[in-house]
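Both complexes below contain chain A, partnered by chain B and then by chain C.
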Partner chain A sequence: MSGRKIGVYVCHCGGNISDYVDVEKVVEELRSDPDVVVARTAMFTCSDATQQEIIEDIKEQNLDGIVVASCSPKLHTFTFRGVAKRGGLSPYQYTQVNVREQCSWTHTDDHAGATAKATRLVKAGVGRTRLTVPLEPIVVETVPKAVVIGGGVAGLRAALGLAEIGIAVFLVEREPRLGGWVAGFGEMYPHGKNGSELVGGLVQQVRQNPGITVFTNAEVTGKSGSFGNYRVDIRVDRETGETVSVEAGSIVVSTGFDVYSVAQEEFGYGLEGVVTLPEFKCLVDSNDGVLEYNGRPIKNIVYIYCVGSRQDPDVVESARRYCSRYCCTAAVHASLQVAAKPGRVHQYHLHRDVRTYGKYEKLYDESLNKGSVYLKVPDHEPPSVKRDPETGRLLVTTRDLLAEGDEVEILADMVVLVTGMVPRANEELTRALKLPVGKSGFFNEIHPKLRPVETVVDGVYICGTCQQPMNSAEAVSSGLAAVTQSASILKKGFAELDPLVAVVDTGACTWCGLCDEACPYGAPQQVHPNGKSVALIDKTACKGCGGCVPVCPTKAIDLEGYTDAQIRAMIDGMLSTPSAANVPEVAEVAGVTS
Partner chain B sequence: MSTRVNPELVEELSAYGAEDVQKCFNCGNCTATCSLAEEHENFPRRSMRALQLGMEDRLKGGLEPWLCYYCGECSTLCPRGAQPGETMMSLRRWLTSRYDFTGISRLFYRRPRVEVVSVIVVALLTALGFSLFGFLRGNIHEYNGANSFLPAATIHIFDWSLAGVLLALLIPNIFRMWWFTVGRETMGRSRAMRVPAAAYLRSVYLFPLHFITQKRYAQCERRRPWLVHLALMLSYVTMLVLIMFFLKYMWAATIDWRVHVFGYLASAGLIFATVWAIIGRLKKMEAQHQHSHESDWIFLILLLVVALTGVAQHVLHRSGADAAANVAYVVHLMGVVPMLGLEVPFSKWSHMAYRPLAMYFATLRKHMVPAPIPEQVAGGMQTELVS
Partner chain C sequence: MTSAEGLSPKILVFSTHNISDPGIDLAGSSHLHYSPTVMVISLPCTSGIRPDWIVYAIEKGFDGVFIASDGEECAYLPDCAEHSAKIMSDAQVMLQERGHEPRRVKMAAVCSVCAEPFVNYMAEFSKALIELGPSGGASAKERAA
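After this line comes the complex of A and B, so read on.
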């Protein structure tokens, strides 16, 4: 009994929950709690009508906390936080209890048990809500400046995009010149435009734009400050180590990829005439006449796809299992360039699957019409390349799955290894920005569909091929997405953050530094108010993960919204004795929930 | 055993009529719809694929093209317009040229103009030869009798000599066909496979059976093409038998209905089937009529000329116009000689032999089993030769 006024809503989810959980019984149980002043069920709590009812309840009953027992918080936390806010309540005085994914759907064979478990879960939610306090979002001011790291096609386009909407840009490039990989390309798909000309135009615009400051031969070495107001250290002279420091509200990382480097003897690499796709592309781009290599005309070409991509862990040690996405189309496009040259060249494509997705399929179609032959080779049995002792040409041996797996031998003048993309070595930058790295070594976004360029570090965006293999058109698209994301925080002048962060009781804190070690975001900082060393959590850097709370030896840290007291109240709620008889033992329920 | 690919093969085949092979993406709809394809002889997809890759040896040693009767369903249903039916047709032409040891067939298919000129030259030489012969020893106004322009007995000797030459050309080609498809694997250096002698004997009936009935064609989705083809074939064979064995009845002054009724029926059948095919090809009526190689036209035109002049000669002779009948006879021979001398051994007409033989050889291939490795060579150096 605390004098709180809490509203509890248990959802049928149209039967998804109520087919297995007796929702009326759950509500009945909750009514016995004196702080629960409203308790009811709803067919679909997320429907507009029910949302409106909750808002009216909040106003009429002067509710100071609400609990919705429905689906996963991933689905509707923000929906009901909005309901609380519209009712005049702090959004953080709302608790979502998951009685669908974690209850009704998992216990379809035990209705009584599911009902008992749902009751305990909702009681835990009520326990947490009872101890909520009205929290306000953290508002941070943002600096209308951005740092773009990497001057390839994605970074250049992003820099221009930011400058166009009035955000000052610092463009940092590690190499002596801007342009990245695309600057080295000739004709590119699908429009046939020249890569170096394309990038040349972008570089010129970047150079001429007064809003963009370009640093070449430069690297980002550190980041301090907090979201909206970072200070970024840029080493501008490798020899002297001279560093400049700039202010930035957001950071766009577009550091690009590396080409898979083929090992000697992998697919015959090292033999004369065995080249990688980028090497081959240079050869094709370099002249318009008959295709020649070392003075000899090329009559037969064999392309071996997926070199360094989609590797089979049974065949290759520490296999790169991802698909590099751009290479199928790039190889098909190169073969079309070859077909357009004078003289008849026979081209054999040894592929795993042809992934010329979307409109690039037309290129594949065209190449078929131009006489390219495609062989689907077995995953577990890569083609072999050696020198044919009789003819002195290259002899490729493989199996064609479409010819009943028969072994075929192709005499070739050139073997092109269609190499994929690998992540760049960027340890220093990764450390400086605390960028999350995925299993394949590329930087990770928060959500591949819904938050594709944001990282877990607020205000730090990733785009282009540092994120995953993509072609230049996709890299530019993601660069522009990063521009939009930057604009959404930088143009408003301020940003709102969740207040569910760690707070330090400075009386109890003795600064041992354990919290700083535990924090992946660098939020705890050592400060000295009144001569005593204590920790202060940078609210804008903290993500509310709670990692620092258990490591604190003096229990000086608490997490807003999930305080120790709230967690204890939730456990009490879980362990409370149901009033009805014939429900399973606590131990059983706990076993299920753990 | 790996096959070395011939990258030029697709281009080579385009001279034989296969122009859209590369459009195929191997979905297999063609084979699924084909009522003749079997697990053992799986076509057209398998043949299309081998051709795309340039697997020349596999194609040369295969019989699939002969097992197809070109109903054209595959081409109609092909989602890529890759014309599998026409590809099978082209492969038959190509195989004909491969079986022919003289190389003339290859020349004719790749350069149809040479074939046209050859036909014309042979026709003119025939005209010249028989006219000289007729004028020197006989009378243009006499059809039969002592002074006849072209006496039956002499012509008959000529017929049989021509047949001898034909067989001399055709038999080595048939042997080569057997060698490529059955012999090489069983009797060649490797001797990796074996066909029991009993299988040779037990299946030999397939050759005459398929020659006369073409019953495999009847299994195709539509029956009409089979009926037309059968009519043409039976008419032709009847006429051949009549000429080779019953010429003196045909020649006689009176009509012997026991023999002539066959002649009339065969003539009608020949004219009907040839005209049907020509109109079909002109109007592109059926799937198998969509594409016409020059060799198809030469063949049909020759056949029609032969049939019409044969009838003309008969009618003129019976109505007493002996001079005109003799002229018609010479023109008739101008068609017959190039048709038998060039078309049968070197061009389209040779399928008369190859197709029923293919049924026989395909059955032999079904009986093919791996040959047991002789003990004395097993494990030794010579196993390499065996494997």
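After this line comes the complex of A and C, so read on.
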């Protein structure tokens, strides 16, 4: 008995849990814990009525910790942290136990086993809660200014979005002009707008907006300060190295992509008439009449898909294994532009799969109707492109899997290599912002669906194609998502950080520096209180990953919320034995369990 | 109904909040089945697991510990896979020193949509643990002494 007063609430979830887990038995079992002063079930713990009951329990029973056993913590952690707070508790004296996704729903075939497991999981949650301390969020003031890095379509839209809600913006572009890739495009999918006109309008608005300061030929070289009030160094003159520093509460990174660089002879690249998709797009956009190349009309075009994408690591060194997503639709769209030109052009698409996802399927249908021919080629047998000695034209040889794998030869005037996107070389920026990079080389968000523009570096957001291949409409959407996230911390003047960060027992610490080596964020700092060198964690720099915990040879570091004692208590709870009344009927198998 | 309780090895899984735990959640949302003797502790990052937690879990009664790592997708640490692999190998050394079978700890990358792979990992690991027999609880060396 620790003297704690803990409330335990087990949710029926309207049957989602209680159809498989005997929630009353779970509660009954928990009542035997002397620290559990309230234990009850609820049809929906997330309902307003139950939330209010929990708040009343906290106040009337003087609870100093609560455990809610319901759905995944991804859904309601913040709901119940709010309940704890409204009841007068620290939000971090609450533990969410997942007895739905990780119990009832996955053990629908074993009610007794699910009930025993739920009991153990709740006991583990009580064990963790028993050791909680009343932490409060770390509150930091934020300055209403943002730096947007990259002046392509996503960065321009983000800069305008921020300025429109009253946030001062410093827009930093590495190139001499704003606009990025889209500034060089003619007609684009999905909206049919002209890329250069679209971007031209955005650039004009940016230039006219008094809230936006534009730096071209400039690069971000450093970031100091802490979340809420970063100081960002911008090199504004490459020759002299002149640098200016600005304050920023948030940083939006929209540095864009590069096009896959095709090697000489890769799919015949280097032969006259073999071009990449961006080169072909320029040709199509610049030809108003009959499509011509080097003065000759084009009659036959072969598109080879997935060039530089979905590469086989057994064949290509440093293979780019990801799908670039936009290129199927871009190639199909370009072929429709060609079909709309005067004269008959035969178009053959050699693909591995046509990934014209969502509404872009309509473009694919339209291209079929306009006469495009699609051949599915083997994944591990790329088409070959040679100069045909007899006709002097390009000879493409492949196999069509949809025609029983028969070999097909096509004489072409032009071969278009449908190239994908590759991450830009941004080493200096990556280092300056301490941005995480994924295995594909693009910047990494916290979660692609749940937190798609946030990075683990607080106040630093990513958007557009620096994050992953996407089309211009998706890039603009993500730019606006970064605006919303920035606004959420900059408009109210302060932000709250989780206090679940590393803490050092200075009595045990002997400063060996291993924690500092393990932390890419520079959170552990060497300090000298009373003449002894020890580590001190900068709470606003610490991301709460715990990477420093296992490297400490004196076990001096703990991660709040996941302390050594709490993890051991959870393990103990998971191995607890249910009381006799609640033990499921089992057939013990010798040699299986301890 | 016969419960899997008592029939299957007890497995402790360390997952991560952002990547592998959503994958394990998805297994439940998809109503895929694994044994109820599999239990999960979710952490921010598998680089924060102390090897002695793994030893503690085995000695207290878990038959195996599975680290559901983020692989190369960790949002915190670019070298998370290396850190986590070292934690696992350190734990294996500690287990061996204390007379336990190092194969009781296993690691694999589980992504946020890896529902089926996770269930398959649990089936394979359970099978391997059944072949190893019970963990035996406290240090085998201590028991021998």
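Here is the rule we go by: the second predicted complex is superposed on the first by the 396 of 594 C-alpha atoms of A that agree within 3 Å, B and C clash if a C-alpha of one lies under 4 Å from a C-alpha of the other, contacts with A are read in each partner's own complex, and residues count from 1 in each chain.
Basically, a contact is a pair of C-beta atoms (placed from the backbone, for glycine too) under 8 Å apart; a residue touches a chain by one contact, two chains touch by 3 or more.
Bear in mind the structure is a predicted one, so any value in this text is a computation, not a measurement.
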item	value
Which superposed partner A:H346 touches (first chain B, second chain C, both, neither)	first
First (chain B), second (chain C), both or neither touched by A:D314	neither
Partner chain in contact with A:E427 - chain B first, chain C second, else both or neither	neither
Touching partner for A:N300 - first (chain B), second (chain C), both, neither	first
Which of chain B and chain C A:E390 touches, first, second, both or neither	neither
Partner chain(s) touched by A:M574 [first = chain B, second = chain C, both, neither]	second
Which of chain B and chain C A:E239 touches, first, second, both or neither	neither
Chain A residues touched - chain C or chain B, whichever exceeds	C
Intersection of chain A interface sets (partners chain B, chain C)	none
Contact footprint of chain A on chain B as seen in their complex	1-5, 7-8, 10-11, 22-23, 25-26, 46, 49-50, 52-55, 58
Complex interface listing, chain A residues touching chain B	299-300, 344, 346, 348, 368-369, 371-373, 375, 397, 400, 402-404, 406-411
Touch list for chain C against partner chain A, complex	1-10, 12, 17-19, 21-22, 24-29, 31-37, 39-45, 47-51, 53, 56-57, 60-63, 71-78, 80, 83, 87, 90, 112, 130, 133-137
Residue ranges of chain A in contact with chain C within the complex	72-74, 98, 100-114, 116-117, 120-121, 124, 436-439, 444-451, 455-456, 500, 518, 520, 543-547, 549-550, 555, 559, 562, 564, 567-568, 570-572, 574-575, 584-589, 591-594
